[in-house]
Each structure stands twice: as structure tokens, then as C-alpha cells.
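Next come two complexes, and both contain chain A; in the first it sits with chain B, in the second with chain C.
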Partner chain A sequence: MAHITKRDLGGQIARQGILIAFVLFMVGFSLANARFLDPDNIMGVVRSSAILGVMALGVTFVVISGNLDLSVGSMMSFSTIVVLDLHDKIGPTLAIPAMFAMTLCLGAFIGFLVGYLKLNSLIVTLGMLSAIHGLTLTYSGGQNMDIADKEGTWFSVFGQGEIIGIPVPILLFALLAAVLGIGLAKTPFGRKVYAVGGNGTAATFSGIPRARVVFSCYLVSAFCVATAGLIQASRSLGSQNTVGQGLELEVLAAVILGGASLMGGSGTIFKTVIGVLILGFIQNGLLLVGLQFYVQYVVTWVIIILAVWLDIAAKRGRLWSPIA
Partner chain B sequence: MSVETPALRLEGIVKTFPGVRALDGVSFSVMPGEVHALMGENGAGKSTLMKVLGGILQPNEGRIYIGEEPAVMRTPLEAKAKGIVFIHQELSLAEELTVAENIYLGELPRKRFGLVDWATLERRTNDILSKLKVTFDARTRVGDLSIANQQMVEIARALTVEAKAVIFDEPTASLTDAEKVVLFDVIADLQSQGVGIIYISHRMEEIFKITDRISVLRDGQYRGTLETAQTDEEEVTQLMIGRTLDLSRNVSHHALGDVALEVRGLTCGDLYADVSFEVRRGEVLGFYGLVGAGRTEIAETLFGLRDPSAGTILLDGEETVIRSPVDAIAKGISLVPEDRKGQGLVLGMNCRDNMTLPQVDDLKAGPFVAEGSEIAIFDQYRDKLDIRTPGWKQTVGNLSGGNQQKIVIGKWLSMHPNVLIVDEPTRGIDVGSKSEIHNLIRELAAQGYAVIVISSEMPEVLHVSDRIIAMYSGRIMRTFTSDEVTEDNLIQAISGIRSEGQVA
Partner chain C sequence: MQAGTLSTFLKRGAIWGFILLELVFFTVAGEFLSLSEKAFMDLDNMLLLFKQSAPIGIIAMGMTIIMVNGNIDLSVGATYALSAIVLLDSMTWPIFGGMGDWAIPMAWLAALATGTLLGALNGLIVWKTGVDAFIVTLGSMLGYRGLVFMYNGEQPTSHLNWTLVDFAEAQFLGIHTATWFLLAVTAAIWFLMNRTVHGRNAYAIGDNREAAVNAGIKVGPHMMINFMIIGFLAALSAVVFYSESGSVNPNDGELYELWVITAVVLGGTKLTGGAGSIVSTFGGVLAIQLLRKGLSHIGADTETVNLVIGLILIAVLFLDRQLNLKGKEELKT
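On to the complex of A and B.
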């Protein structure tokens, strides 16, 4: 009996592990620094999480469909650079749709490779991470991109504006989360995403066009990246070529923290939003307790590993098992 | 009565899975130096029993004795260490490694500093290989060997330990006649060393050639042991098939309708050739044959998963081309696939979502899925098919095999197909649910569906079909009506034997 109990306990820890860890972090941070629970600080965390969050919404679709998208970071750099460059050339009204179109083309290309040619998504998007970075550098000639007239453009509204006191990035994040959340949970397309990720073969045997569903998920992801690029560009009105570098891992961490399984077939937009906020608060907390900015990288990695381990452990109902 | 201690003895082994009693009190023993056949149909519990013996599964009840010692085997390694060795039907070799490395995988002889002692390894390997009279040596890469020779490597692996009992699972499935002779020599050799041998096979002629006794399992229960010398094929078959299922030949009480589906000269590469048949509304057409006879491949072609290389398909008399499952479904062809968990269901999804999956695009209220209509469909088919589940929210993976299969059947019935293809309708399903599914298939035909049933179980195909097509190696050997068919002529047909004067 003792053996059974121990195993059950392991399973429970595995299932609730992220929450337990999060609560411990929060208590620790608020004890260490009184400012942590300050409303201004909380708003600041949500605001600075918006770009990451918008990207995580799209990646949630891809992960539930049973694939990965590691290209979102460098794709976000691409979107940001492109929209900043076009802003001065053709004006913001045309620059924004042009940037969205170009980013969606990249998403379509990845979707074609992974969906229709059935190539491994890890390899394809890892390759695209590097390829898109090269594309961005080629486009910008390696130069940073800046808007000439920073004071006189309405373009800054997406990153710096406020509507009824709420920052626009947060509103965009919330709006997109609502639309995509309902889309995933309530529409036939959403249902098909779960089916394809849960069991692609059975989905095919049920007459679901698997390739088209996977393709569409990468389009959703690209759309979210374009939106994130828009916010980023609008916030700073100038940017380096590498602004999104490394974000792909943070995005993935948020999605997994939210409880989407890397095996596909499970996860929700709501949970991803929670995952984004957890990540944001932990990173903010680390800064407030006086740790260097770069400690975040290590902690993010630790969180990813912890989340993946707990995900697998929750499936087997115990923390450790001799067979997979 | 012999006073000798059995090499291996099973006592009242019970193994249950949710919803299924896979092994229900199995007891038998294997004497040293005996070749003991274990027979039973698909789903009779042979593989479960082997997994219990191999330490992969733990029995819920019962005991295993090796010699006089009660044995508990928690892992495959423990089973091997206790002298129970498996020769698997599916090979488990590392193709990139050499023969010697494969044979001693995990227990390579060592020198100082943990380095592999290659000289000893090669010497020991070649000793074993010489016993097997094979033509390759210790350094050959396993991936370069034929399947038969790879099997010899598996056998060689078994000979490295002091084996008390060796279990051969369908060992001749991929062997040529010459290779079989070598295998039987090896078995005779083991026998003379006093090793107990369990030999699992469907091939009667082999069983009668090399075994001493035959034990039969049916529906997870031990059905008795026969002395090979004092029995014949008929008695064994009788015991295997049993009479617990309603085996009465089916007689149609309803008139048949028009031809729903006709196939002319359908060919798909090497998989099957020149297949022609028709199925009428209200009829159940059975496809019987051995695994690999091309039956599933025909079903997959009709469902748009394979492109035929020649031949035509006619639906309601009109020639048609089926390009994809989407296309097949639109044209009224549905397939309940052979691998329920792999192909039929999204196990992590709930019952309702699985059932309405093919028509989720059509069940819309504005841009959203009309969940009310979905629940209505689920409720309708739950009642109609008597699906036992706490509710539509239940995850399909938690249901028993029989109820899972009903979900798949319900999924297609709710699409109102013209032709329903059911591949292995009762694989891995317990007896009670089996006859329910059989009745369901008969009922569907009575309601006017054209049904094609593919099965490897003779009683099943005999029971549910109006007509039976016997296939052998990708070709139709003969089409039986229910009056002509007997177990004997059916077995002959699927073994490639054409009866006298019979034009196939």
C-alpha cells in the first residue's frame, strides 16, 4: 500500500506542480520585495508580457496540432524591421497590411513544408529561425531601422497608446486571445486542430484534411507574430535586426507552462494566457529581488525543463518511471 | 503420470484490463524436452499470456513456477535471467550493430577499464552461430541480413543464457522452407538439452510435425491440452473456435436491394490484383483470408487512402474515382478501420466529439459548432447502439473495446453511408460485446445498408456474412454463398488451394 500512496502523491505533484511552484515563487517574491504586488507593477508585467503573449496565442494552435514553431522569434524581428522600413517609404496605412501579407507568406511557406510535405516541424522551423534571420539582415542591409519622424506619426498608437486608461498592447492581446480562444474552443476548425494533434491518423480516417489544418495553424501563428511585430515596432519606433531573438523559447515555455502537451491534442488559449502571466511574473520577480537580467535565461530554461518533465510525469501518473 | 517436474508451470493466471478479462484462469505446464503448442484465435489471450510470462505484464491472480520455484517476473530482464527466453515474431534487433553485439546486447564481455572484450565476444558468438549452421559470422551487420537470418540472430540470443523454457511466437511467418528445416533442427536440439519449448503458431502442419502436446486458449480461457499424436486438426479447430458464439449460418430474411458498390478488375501494385465483386443494399459481404492477403488494402482503396493502379469502382452503377477519405465520405463510403485506437478514434477526445468528427463542418450555428445538435446525434446513436458510457463528456480512451468500437460505428452511421466497410469488427473485444457487434452488423444490413466485413476470424465471417470472398495473396480465390461454404473449403481457399474443378 505504501508504494501505491507514494506513486499517487507523485502523480498529484506532477499534475499540480506548476501551480505549486508558481505559488511558492509568488510568496517568495512578495516577501522579498513589497513592490511586487503593487498595482503599477502588476500592470507593468501584463503590459510587458503582451508581445510574448500575442505570439504564444498562435504557437498554441501549432502545438495543439502536434507541431512546433521555433521560428516565431526571428519572424517577429522580420515583421518589426519590415513595417518600420515601409512606414517611411509607403506610409503606415499601407505598410501595416504589406507587413502582414509578407509575414503570412512566411507562415504559409512553413505550413506548406510541415503540413503538405509532412516534414518534421522541429527541423523546418529551426531552419526557418536561421533563414528568416538571414532574410531580415539582407532586407535591412544589416542596419538598425528607425522611423524618421518619431513625433509626428500616429503609428505609435499600437505600442504606446491607451484606451480608457488601458494600454493598447494589452487590449490587442486581450482581443486576440478572446477571438482565438473562442475560435479554438467553439468552431469546427478548432475541433479539427484538436483531432489532428490528438491522433492525426484517426483524423485522416475521419475525413479531416490534416495537411490543410496544419497549414492553417501556421498561418494563425504568423498572423500573431505580425501583430506582435506591429506592437514592438510601434512601441520603439525603431529597432535592431535581432529584436525577437530568443523569444521562441520563451513563447514555447509559456505555452507548455499553460499545460499544452508537446504531444499535441491538448491545451487551451486560456491556459496559455495563464502560462504567459506566470512567466512574466517570475521574470519580473527575479528582477525585483535584485538578480541580474541574464539570470532570466537560466530560470526560463529551468522552467521549461520542469514543465516538460511534469507534463510527462502527469501522463504516467508518477514522477519517475523506468520505461517511457 | 509423469513424476518429472515441469520446466514451466502456470497456475490460474488471471489478467484483466478495464472492461476485458484477457486471461481468465489459465493453467498449463511444459515439461523439459517437450515442444508444447499454444493455439488460439486472434484475441484468445496468447499475446497477453506471453507478456505475463515475459515480465511485461503482471498477472492479477495466479502463479508461475519455473522448475519447482515460484517465480515473479517484474521486468523482461528478470524473465530472461530466470531462463524464460522469447523468440519474437517481430524482431527487436539493432540493425546498425553487428551480429555479435546484438546477441550480447547489454551483457557484452568486458576487459579492464570497462572496454569491450572483442575477442571473447567474437569467439562466443561464433560458437553459438556454428550450432545454428548459419552462413553469416559475428561481424556481419544485422541490417545486411535477410529477415530469416535476423530471426536466427534472435534465436542465437536465446542460446546465450541457460534457458529453461524458450517461447517461439510465430517463428516461421517469414521463413522459407529450407530455413524452416534449420529452425526445426534448432528446436530439436534445444529439446534434447531438456529445454521446455512453447511454440505458438497458426500453421497446423507445423504444429503436427514438431509438437508433443497442444494447449488451446479461447476468449482468455484455457480450453484443454491434447496429445498431438492422438488428435487431429478438426479436434483442435473445434476447441479453438468453440461453440460459445452463435455460429449458426446466417440466412437473410429480407430481400436484397440494388447493387450499391461494384468493383471490376481492381489492382493496386503488388498488394492485390484483379479484384472484382459487388455488394447489394441489405447484404453483408465477408472478406476472409490470412493477414497480408490484401483485404485491408482493398478497403483502404475504396476509402480513398490508396490509388488503384488499374480497375474501376462503380457506385450505384456509375463509374467513379475516389481520391481521398473526404471524397469517399462525400460519396457515401465509410470505413471502420482495423486499428481502432490508431485509426478509428482520437483517444484523448470525448465521446461526442469523436462521433461527430467527420461532420463537424456541417453542424454549425453561425460560425460555431452546434453543440446541441452534436449531443442530439450522440444521444441518438448511444441509444441505438447501446453504448455504455457515463455521458458524452467521457474520454473515449476510458471506454471498453466494445464501446469504443460502437462509437466508431456510430460515427459512420450518423453520416448515413451507402456502403459501410468494417475491418476486423471485433478485434480485441470481449465475447459479450462480440455478439452484440455481430447482431448490429446483421441489423444494419436488414435496414438496407450495404456492408462489407473484413475478418480474420472464421466463426465471425461465417456468422455475419451473406456471401464470403476468400482471398489468398492478393487475389480472390473463390466467392461462397452461405449454402456452399464450409470450414474446410474456406480454409482451403485462403490457403491458396483451389478445389477440384473449381474455377476461382
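On to the complex of A and C.
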């Protein structure tokens, strides 16, 4: 029979803080506006979070392996523009695999730089943010990209279609989350990702190929970005060059909100999904209460800092930092 | 000549060598490719180059201290925008209404105070909660941007004061006002970093935090002061830029943090802290602006700039690592 002391209890509350906050938010918003818990509304929120969510799944791998990926936003713009452009040139059946291949090449390049050359991931992906943005603009000649025949293409199914009443973006998000969640939690590869992020030196000495694991994480991230680009392109059937701009930081916010440590070695796909949903529901709840969209920025700020702070406080056993 | 002096010299001088290379390249290429009659190395063109580097450059000086200290600040773009709004809006406040042109220094003070305060808030949170500066400023990047929008919705905030515009467009000794500000900030931060206890402690904390704590250095207050400095400089950058333009959009300053960090890293400052020099950051700022100007001079698309800068950043990182590896091997033998 375990005795639960007051401090354990506090620690538990802090550790589950993000879930508790989520529940409180849901209760609060549903009291404020009855439409909040309406199935249509919930479906709408999940659907509009799907793009962010798919990208966050991949970034979770990268973050757990102890690295960062700031290039996902401009990479998503790239895949959106490329698939829209190729759609009219070679048809959707070929355009989609071609776009995936090109995006995976970018991911492989980053993975090579960070994994094999051991360059700092923050700077590398910062550089790639800028470089891929330039690549997209050069590719499109600075023009917006539109599909010529918007009515007669089956390409819109990924962003606008429904299967048994559930929107396809949600299905893709759920499917990817399930596959990657199992991959991370139950496979040897997943355990290696945690090992590399938790203690890279120890992992190397245990014979885990650090470089290859990091490289694979960036490939996973690029695959997720390509899927997000596919959903985005298919939803709007036309796009600006800057469609993904700024998303990298929102994605990171969702991953951090889910409780993954930027030091690496901790976090799960499930928690990231919760982080994504929290961001989505906060946005939606604030809009339903009648506040402007930008209020969510301020709320997100407070929540991110509180979430990470409580997490750290629970680990060190005291609220305030011991820094003199 | 001592062993290692050469490699130190190479690393210190790398950014200036790069700038020289850019100048030569764009001058020669410009002869063949440029559509305009003007030479690239034209005096007016170079003076303009300095002026255009000022907004990024002023913030980059603050980012250098922050990074030497082992932190990072992603919220500078939002701080810049919020300070700019306060600057332009405060000139129309009734309390400054009867003051005529004295409203200008008041507006400046209000804007600078805003920036310093936002920086202090970042610093205080990093210090007291122990949350990583990357996360704290990632959050406040969103939060401060939210405040920018809440101030005036999605509308631009405009107020054109001609006295202020004249001041901003003035050229003292042939050099633009903005350039003077950039030079003054560079000199002041250089002095702070190299000739004061605070600067030395910042290096010490960034190099080895444990050791700094054991040596009795108060880490927290130093970090907070550095965040206040970068907030102040982000506001100063806004003051310099918006005195002339007189109108700020709520999206202004977005991605500034990325440009600033790129300039600082090009200048050789380590992300891990403990190493970096103000003069090299100045070089990094000039190198980026030269690249932008040069590429447009030879008729390349402006889009190419992003591509080139991104790849250069990665190349610099790679070369830097190779040089460091070599140094370590020399130590071993």
C-alpha cells in the first residue's frame, strides 16, 4: 500500500497538468458557449488542426532525438507549391509521389547535415528555412500556384473528401498518429530514438548508430510535412508561396505543450496530439466566446510557459528556480 | 609565429574576407550583368547599405550578448513591432498633445521603455522559472505578437511627424542618422562586452555556468540585464526605422529574429555560449546586406537571396566545425 504524500500529489498534478488544463478549458468553454461541444464544432476543430497536427507528429520524432526542426514551415510551402504545379503538368497520380520524393530529399539533406556531419540542428534548419523558402519562390517564379480545372479533379479528396462521415484530413492525421505512435513506443527503432535523445554518448557506446537514427527522424519529419502539404494543396487547390510561414514555431509550441523536452529523450505521440488539440480548441473556444483570433497568441504564450514551468518544477521538486 | 595563431586569424578574419569577396564579385559581375550604369562600389550605394543594415544590425548587437551568455531570444521581431506601435501611437496621446515637438522625445522614451520592459519580462521568467530561454522567448514571440494585434487590431498604425522624418533622413558628415545609431550601439556594446565586469561575466556564464556559479557570479541578474538590453535595442531599432516610415503593420518585424540570428552566427558567435565578438557580428550584418544588395544589383531575383543565405549559413557552420576539429587534433598530438 503506497502512501501518497502531499508532495507526490503535487508532483502528480503538475505532471498531468497539461491534461488537467485541457479538461478545465473544455469545461470552461462549453459552459460559456453551448455550441462548443457540438459534434460538428469538434469535428471542425480537429479538421482544421490536422495540418498542424500531421507536421507536429514528425517534429516529435526530431525533438525526442534531441534536435530541432525549424524548416517544416517553409518545407510545407514547398511541397504544397510543387504538388499543385505538377498536378497540371503530369497529373495527380504522378504528382503526389514526385512531390513526396522531392520533400524526402530535402529531409534527407537536413538529416545528413545534422546526423552524419553532426552540425547544430537549430542553425542548419534555420538555414534550410531560408533556403527552402528561396527554392519555393524560385520554383514558382514568385507567383501563386493554382490548379486550372478545380471542379474536375479527384485531387481534392485529401483535403475536402469524407469517408463514412469523417473528413479525410482527420483520417490521415489519425492514421499517421497511430502508425507513428506505435513505431515510437513499440519498435526497436522508437527505443533507439529515445536512447539517442536521452544520452547520445551512452547510446553510441551501446552500439546504437546515432547518425542513422537522427537521419531517419528527419526523414519521418519530411514525410509528415509532405502529407501536410498534400492536405493543404488539396483543401485549397491553389496556394501562396508563404502558406507554411510561421508554422514551424506553432508546431514546436504544440510539441512542447505536449510535454516533449527540447533536451531530447522525452515526449510521446499521444501527448503531442493532445498538445495540437489544446491549441486548436483554445483557438476555437476563444472565437466562439467572441474574442479576436489574436487573443489566442497571448493565451498560448501563458499556457506554454506555465506547462513547461510546472513540468520542470515537478521534476526538481520546487517551484522557483535555484539560479542565484 | 605561434601554432594556432594562423587558424585564429583565419577564423576572426573570415567574415571580412567574405565581405571582400562579395565586394569583388558583385563589382566584377555587375560590370557584365547589371542593367544600371552605376558601379556597385558607388559611395551613395555603400552609404545606403549601412543605413539599410541598421534595423537588423542594432538588434544583432543585443543578440550577440544574449548568445554569448548562452541564451537565445526569438521574440525580438514582436518586441520591435510593439515598440514601433507605441512610438507612433504615443505621439497622438493627449498627455503629450500640448508639448509640440517635445512629444518626440517622450514618444521615444515610451517606445524604449516598452522594449526594455518586454525584455525584462523575458529575462525575469527565464531567471525565476528556470525554463529554457528558447521556450520562453518562443512563447513570448507569440504573446507579444498577440499584444501587437490587440493594440490596434489588424489595422496599420500611422503617424507621420515631419520633424521626426527630417531628423531620420538627415545626413551628418554624409552619414545617415540610422548609420550613426548603428555605429554608436556597436561601440557601446563593444565597450560593455570587453571593458566591463558585466561583459566578462556574460562570457564566463556562457562558457561554463557551473564554474561561474562557483566563482560567485550571480547568473540570474546578468541574464536579466542582457534580456533588457536586447529589448531596449529592439525598441531602438524600431525608433530608428519608424521615425522615417511613419506607419507600422501588425505583421512588421516577423522573421526578424531569423535574420538577426543568421547575422550573429555568420559573425562566428557560438550558439552554446561563451564565444563571440561584436566586431564580427558587425561584419555578419554587413555581409548579409551586401548579399541582398549585390544580388539585386546583378539582376538576380530577390528570391535567390533566401536560398543563398541559407546555404551560406550551413557552409559556415560546416567550415567552423572542420576548423575546430583540426584544432582539437593538433592539441592531442
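The working rule: the second predicted complex is superposed on the first by the 304 of 324 C-alpha atoms of A that agree within 3 Å, B and C clash if a C-alpha of one lies under 4 Å from a C-alpha of the other, contacts with A are read in each partner's own complex, and residues count from 1 in each chain.
By our rule, contacts are C-beta pairs under 8 Å (C-beta built on N, C-alpha and C of every residue); 3 or more make two chains touch, one makes a residue touch a chain.
Small disclaimer: the values here were computed from a predicted structure and weren't measured.
In the superposed model, A:191 makes contact with chain B only, not with chain C.
When both complexes are overlaid on chain A, the residue A:302 reaches chain C alone and has no touch with chain B.
Contacts of A:265 after superposition: chain B is touched, whereas chain C is not reached.
Chain A is touched at more residues by one of its partners, and among chain B and chain C that partner is C. In the superposition on chain A, contact of A:205 is made with chain B only, not with chain C.
Residue contacts after overlaying the shared chain place A:240 against neither chain B nor chain C. Taken together, the two structures place residues 322 of chain A in contact with chain B in one case and with chain C in the other. Residues of chain B that touch chain A in their complex: 75, 303, 305, 324-326, 328-329, 335, 337, 342-349, 353, 357-358, 360-361, 363-364, 367-369, 411. Residues of chain A touching chain B in their complex: 182, 186-188, 191-192, 194-195, 198-199, 201-209, 265-266, 322. Residues 113, 117-120, 122-124, 126-135, 137-138, 142, 245-246, 249-250, 252-253, 256, 262, 292, 294-302, 304-305, 308-309, 312-313, 316, 320-324 of chain A touch chain C in their complex.
Note for the complex: chain C touches chain A at residues 74, 125, 127-132, 134-136, 138-147, 149-150, 153, 213, 218-220, 223, 254-255, 258, 261-262, 265, 271, 301, 303-314, 317-318, 321.
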